[in-house]
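Structure first, commentary second.
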């Protein structure tokens, strides 16, 4: 069927995508990686300076704050989304009525951009008028919840906002997985008098390993790319206490005009993503061998 | 000659699916490509249709070399196993879509649709969508879609595998009737030998990419070319007896252990066996009798064998006997089935037997 | 027996309600703030209901809110975003649909390789594209223009749409295309007459995902948006964070809500398609 006439037409159709893939995606990625080894500052400069940018990067305390923030945020965000998402999925699965309503409530934040999410939570966590104020006026004068302004805790505020936004998707993934499990397993478990929560914990959830892994991987990628929510909520502040690599790259590209260093940071982002994928690949390969 | 296949070979990557297929089909023939799963029959059909390109060999339709020609220009039409009706189009558009692609005018198209729908009795269904039709109705629409193009060859890919048994019977006779009415060449793929034997004028038995035998249903049944065909064809499987050929006397003898029978009247092919050649005699259960009167000639083998097992299937029973370590089967009336172990006299009608070389399986 | 069930169901519902409160709180708080006059916003708690309802914050947000340049409200940015999102979405979906058709129904090894590269490439962080994109757009003279952003969003929307349509078209039986080939339909006729009519569901999913992706984008908006016409997420962030004198929280919040409305409404109206699409896709993994 793929005769010469159709081959030409197929190729023609795919030409834009070929350009996208080879120039706009892979070409650009390689170029930026190349720039990380150059002397680029305000404009790209093709003079190679070896690993200097990386040395500067690793010597920069700011970078390490941002990089470690990514892991702190990542662990809490991924863990939180998974646990909360799984819990909500289980709760929803038990419902006989009102599933659509609750599902909509848990899902709608996903439709909002992370900028809106960040700005909304910035409002809630505002020390002078937000949660801190509410609790104080309710009586607890000493209550402190000014995490947004705190160097130590600012990064955790980002976790709240991101959780609020991302849990819905994970919940849906789990819910789909739960619902796809054979009814017969349920019947068998019930006949064996196994309590409901145990069915979920020991029987159902283990079967959702693939869903779990996919979720973790997707969330991991989101974490590495988090830019919007950080800028909107804290803009990396106070100072650079809640900075993240994605924002760091942007700042070095466009505000500090140090493209080479920004590129090095960007390459580190990709390296981290590859590190995330490796266990997943390993798991997949082992599964196929078995 | 409507269709001529010359040495067709087809491979997917390194896997050879069709080997050396050569067939000739006349106008008005009903050819059935028969075989088990994976034998290559559907691939062969797709090659004839032009949906797959052959790796070697040529295809000629009505004298024209169509090996490199697009399916639409070969003047063939196909009925798919799943019918493949266009789900979003009405029945009438489904049927006329091919004409639409050719640029036929609306007036002509509706004339054609009317003609075909009358022929297949699907006039009331013209405005419906495929999802609103039953299995049998869908099949008729699929046939109509093929008919309307007035092709030289109709290709049908296991058209009845999606129907239940009753519908299948009905469809079989309808297809036969259609074939008679149109007098065009039909090529049908199936794994069901009943379909093959009841509808075909010519059968090509396929296995592992080769044509094992090409002939009329009668030839396939009574003169199978090799052990595979002999085993494959026949509702009750043919029995195979291992033995040897002795050429010591004027007439060759088939010898099994202490038994021997002359092979007078057996029509040998050009593979005449040598002396002491190990052979396999194939004899169908219906050619094993309990009384001499049933025999059609005087060439027979008389044995006394114990019953090894039996299986009742309604009015008849299949009874197995132990013949020097091998089992052979025969069919009796259920009411007259002997018990296990009983020594029974059997008459094997050698006239209708087939001889095969024990090593190659080829007919002797 | 009945008591036990009621106890358990009560627990179930209360857990759900508490969670629901967590998820609803931000939007409630924002809506409430957006309808309060400024003094009330500053003096009452964020969860207090408005006492003097007013829509003035909304009006101000729309037409006179101040960004770092001037005080035109959010309206020009809102419109500019649609000017960018709609064409880009249409282009990306159209190209993706044709790609999906070719990759799913006309298998060719190199097309599969291309798809693989596309798939992996879709995980590359956008930060890696910023500098080369800037260079390319400058060369083409469209840096900072609407056209530039349309181009960007089309290009980076193609991986998503291609994946959606390819995975969907693979589920359509190949025999359909074969029948059309036998009928003499050409390459494009098959696409328009047979395949496309079967695609409404996936189109809806694609529209929701692609539009939301473009509308909600921040990084490209920030980097490549012209300050007077930048897409809305960059604009609203700018409006909220520019502090000239007294911060009018109620107006800022109203601006945020306005920015949130289109995708929220899209979700509420057509969300079930999206969810269905996700559930199907998720189970396949």
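Letters A, B and C mark the chains as written, and numbering starts fresh at 1 in each.
In the analysis below, contacts are C-beta pairs under 8 Å (C-beta built on N, C-alpha and C of every residue); 3 or more make two chains touch, one makes a residue touch a chain.
Bear in mind the structure is a predicted one, so any value in this text is a computation, not a measurement.
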item: Maximum centroid distance from chain C, chain identifier (CA atoms); value: B
item: Two chains sharing the most C-beta contacts; value: A-C
item: Whole-Å separation of chain centres (CA-atom averages), chain A against chain B; value: 60
item: Rounded Å distance between chain A and chain C, as computed from the means of their C-alpha atoms; value: 16
item: Multi-partner residues of chain C (at least 2 other chains); value: 178, 181
item: Multi-partner residues of chain B (at least 2 other chains); value: 51, 70-71
item: Contacts with two or more other chains, residues of chain A listed in rising order; value: 1
item: Interface residues, chain B side, partner chain C - complex; value: 49, 51, 70-73, 76-78, 80-82, 84-89, 97-98, 101-102, 145, 149
item: Complex contacts: residues of chain C adjacent to chain B; value: 173, 175-176, 178-186, 189, 193-194, 197-198
item: Residue numbers on chain A that touch chain C, as the complex places them; value: 1-2, 5-7, 9-10, 13-14, 16-18, 20-22, 24-29, 31-33, 35, 40, 44, 84, 88, 91-92, 94-95, 102-117, 119-124, 129-131, 133-134, 137, 164, 169, 172-173, 175-177, 179-180, 210-211, 214, 221, 224-225, 227-228, 231-232, 235, 246, 249-250, 253-254, 259, 262-263, 266, 269-270, 273
item: Residue numbers on chain C that touch chain A, as the complex places them; value: 12, 15-16, 19-20, 22-27, 29-30, 33, 41-42, 45-47, 95, 98-99, 101-102, 106-108, 111, 114, 117-118, 121-133, 135, 155-156, 158-159, 162, 177-178, 181, 187-188, 212, 215-219, 222-223, 233, 236-237, 240-241, 249, 253, 256, 259-260, 263-264, 266-268, 271, 275, 278-280, 282-283, 285
